[in-house]
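What follows is a structure written as structure tokens; I'll ask about it next.
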Amino acid sequence: MTNFTHFNDDGRAKMVDISNKSETARKAIARSSVQMNRIVYENITQQKIKKGDVLSVAQVAGVMAAKQTSSFIPMCHPIPISGVDLSFEWVYTEKDMYELLIDAEVKTVGNTGVEMEALTAASATALTVYDMCKAVDKGMVIGQTYLLEKSGGKSGDYKR
Amino acid sequence: MTNFTHFNDDGRAKMVDISNKSETARKAIARSSVQMNRIVYENITQQKIKKGDVLSVAQVAGVMAAKQTSSFIPMCHPIPISGVDLSFEWVYTEKDMYELLIDAEVKTVGNTGVEMEALTAASATALTVYDMCKAVDKGMVIGQTYLLEKSGGKSGDYKR
Amino acid sequence: MTNFTHFNDDGRAKMVDISNKSETARKAIARSSVQMNRIVYENITQQKIKKGDVLSVAQVAGVMAAKQTSSFIPMCHPIPISGVDLSFEWVYTEKDMYELLIDAEVKTVGNTGVEMEALTAASATALTVYDMCKAVDKGMVIGQTYLLEKSGGKSGDYKR
Amino acid sequence: MTNFTHFNDDGRAKMVDISNKSETARKAIARSSVQMNRIVYENITQQKIKKGDVLSVAQVAGVMAAKQTSSFIPMCHPIPISGVDLSFEWVYTEKDMYELLIDAEVKTVGNTGVEMEALTAASATALTVYDMCKAVDKGMVIGQTYLLEKSGGKSGDYKR
Amino acid sequence: MTNFTHFNDDGRAKMVDISNKSETARKAIARSSVQMNRIVYENITQQKIKKGDVLSVAQVAGVMAAKQTSSFIPMCHPIPISGVDLSFEWVYTEKDMYELLIDAEVKTVGNTGVEMEALTAASATALTVYDMCKAVDKGMVIGQTYLLEKSGGKSGDYKR
Amino acid sequence: MTNFTHFNDDGRAKMVDISNKSETARKAIARSSVQMNRIVYENITQQKIKKGDVLSVAQVAGVMAAKQTSSFIPMCHPIPISGVDLSFEWVYTEKDMYELLIDAEVKTVGNTGVEMEALTAASATALTVYDMCKAVDKGMVIGQTYLLEKSGGKSGDYKR
């Protein structure tokens, strides 16, 4: 059975040693989403025509969260992120329900991947959308959150 | 239409003024999950018999994330959290797939709710499980994340 | 001569004891600004018609900085801020120069004032405007930063 | 046997619920120290006559660390600290060895004690002295770190 | 017109990708100041003969703020700073008014500049001087804050 | 006399410039401990057979603290840590007293050492053990904390 790498010989968690891994350009894209009813959807999209909007706050949250990842995820290495970009897409699902797709792309040149940074950025963006709209409806749901793709590093590329 | 409270007269985001809200005991419970195959499942559950395990690291991450919520979610008020408790439950779903349910309960005595703290704690716990198991399978999915219930405060109780 | 309160009997800095100060509603408003040429000004104001803009990022920075104040200013007490609001105003100064006025209002119910939180929020907002426009002109200047007014607390109200 | 309070029914760590504990004035004093040879001792004490010195940097570190305690100690509650004061005392021990005693006093009005804040402040102060002098001697030792006294709260006063 | 680099194709803010920029030695010097009356000036300068003083606390604040820059300025890259140095100079201005000039020099070897780190360090230093003296006079003003010079990197050197 | 490197020409503290130091693989191991009576000892060791235990929480604290070192120790450089491993060993001392030895090993590939990261990790681990057991006995003592060994870098290897 494949063994976990995050544990030492005593069976205790450790931060895996990556001293010998080489520095390469790496990228990861993660997706999350927020599912909401028509009222919340219209509040968000109509707000857009004003100067500030829910999505621009949420996306700043995502960028800043990517930088905080290693203080958030215990065994995650601190990584000098070289770029973060968040994009949004609206999907009409069914029965007056809408889904806001959130894609977070993170890049680095380093000796470990940025999957966790991308996943954390996507999660923080989704949580912020929830926070700013929860006065209207607490029943919103943050959809599945997962890795879409990664590239760079010894373990090879991954595409969902 | 219900208006968003997070925007000022210029249409820009603000941190809502809660100076006049009264201090009451408040509680929120949020749920997230991690969906994984049998190999990851067995790695986690067999690890349990050792001194350290994935879930105990993930749960520390959840408690610490609850305390970091306001530095993570831009318009979220800093709140002196009075208690955090995380619990796990395994569900066998289908076709050799397992789901780890994560419930995060957060309490405070304060003048605003702790929904975001509970959601953030649940998300961080799920992300940490992913981080510690991703060497085995990058295809794990963090399931839907949502508020199960809240109590306390003027807006009344909520139960999903 | 009025003595500094931030030093102990050994002449060393301390965080002043406020255990005996009573909790009251407090407010502070601070001002900063960014002085820029017409090219930067037009870049910012034309960007406004798009979905994201410089000012909405800068203003999220200001809100988040207000919450970080006590980890930024060594002798500053951690305060549960109850509200933050930032507003902008454009002033045409002279010779094709423009000044963006930034007013940061911070509120709390607590036993010490929020002057530092307001000043820090205004500074972070100005610094973020600089950051986002410095590719166009590094010669921008952050204008004077000062307290406009404060209310609440034993030391009485202040108005510039 | 006295049971630990930091674990839930599943045997997992939690942040203990203090919602029902009453707010009282609380104080804790902790001690740490740094043991060093004559050369380091003279470097520190002669530096004092200049404008900046090792001890004033170390003491700022202690005050700031007290405020960071809950992001450092996983199950520690975030507490609005109302005062921090650090004091130093030199002791000549033996054989050209000197010990710098560091006492950290922390105060709050809250529903849990500040023992951890005082211990963390004392530790950070000692670590900073080490950091600033390690170019001269890496063999310095941070002495025992312990609680000297605490007062306030249901569990009663403690004095070593 | 020169375009902003901080926005993606949707017009939303992003953290600019610097993966392809080469690592070079970089330096930036920024200036801020605090303008104060004779009473505050004398309090600060007389304090200097004691062991701790306002300026040594403020300068520690500046060094620590430089390291926090990327958690303060949303689109700013996390950078491994290799050195920070703050210097002070007193200027007698007019009518019993004094100005404390604050110069912050930051260095790195990296793939983006440290202008924001230098500006943030200078600002934090000025804000800390204000904090420690505000009990004497809330009317102090933080003077203009700007980049004095930078070197290293593709965009070339800059000197005010 | 060996001069301190942490001060500039004005005698004020600075973060030492390490721009010209070369990147090499570096390692440091630091030790701390917690001294406790039999009751605390039995509580900890019997807890181990449950899913969560004191030591696994403490060790997560140590790993996370290593990453926070530069925001804790003022003049410490931010370093991209490449690995952290904590190990425990029980020692029976005398008169029903037990000592938990804590060794923290930290690695990096960088241009300055990780002694402070190892010392901070060991201290945070010890403080967390104290925190989780203090309800049973506030009289526990954190034992001496010191550098066991370091390797890499121009200043050569060190072994206690």
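The letters A, B, C, D, E and F name the chains in turn, as written, and every chain counts its residues from 1.
Note that a contact is a pair of C-beta atoms (placed from the backbone, for glycine too) under 8 Å apart; a residue touches a chain by one contact, two chains touch by 3 or more.
Small disclaimer: the values here were computed from a predicted structure and weren't measured.
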{"item": "Copy pair chain C, chain E: interface residue numbering same or different (half cut)", "value": "same"}
{"item": "Centroid-based (C-alpha) most distant chain relative to chain E", "value": "B"}
{"item": "Chain pair with more C-beta contacts, D-F versus B-F", "value": "D-F"}
{"item": "Cα-centroid distance, chain B relative to chain D, in whole angstrom", "value": "31"}
{"item": "Chain A and chain B: spacing of chain centres that average the CA atoms, whole Å", "value": "15"}
{"item": "Whole-Å separation of chain centres (CA-atom averages), chain B against chain E", "value": "37"}
{"item": "Residues of chain A touching at least two other chains", "value": "10, 12-13, 51-52, 55-57, 59-61, 64, 68, 71, 74-75, 80"}
{"item": "Graph class of chain-chain contacts, one of line, ring, star, complete, other", "value": "other"}
{"item": "Touching chain combinations (by label order)", "value": "A-B, A-C, A-E, A-F, B-C, B-D, B-F, C-D, C-E, D-E, D-F, E-F"}
{"item": "Touching residues on chain B, where the partner in the complex is chain F", "value": "48, 51-53, 55-57, 59-61, 64"}
{"item": "Touching residues (chain side chain D, partner chain B) in the complex", "value": "8, 10, 12-19, 70-71, 74-75, 77-80, 110-111"}
{"item": "Contact footprint of chain B on chain C as seen in their complex", "value": "25, 55-56, 59-60, 63-64, 66-68, 80-88, 107-109"}
{"item": "In the complex, chain C residues that touch chain E", "value": "1-7, 10-13, 39, 42-43, 47, 50-52, 54, 57, 60-61, 64-65, 68, 71-76, 115-116, 119-120, 123-124, 126-128, 130-136, 138-147, 150, 155, 158, 160"}
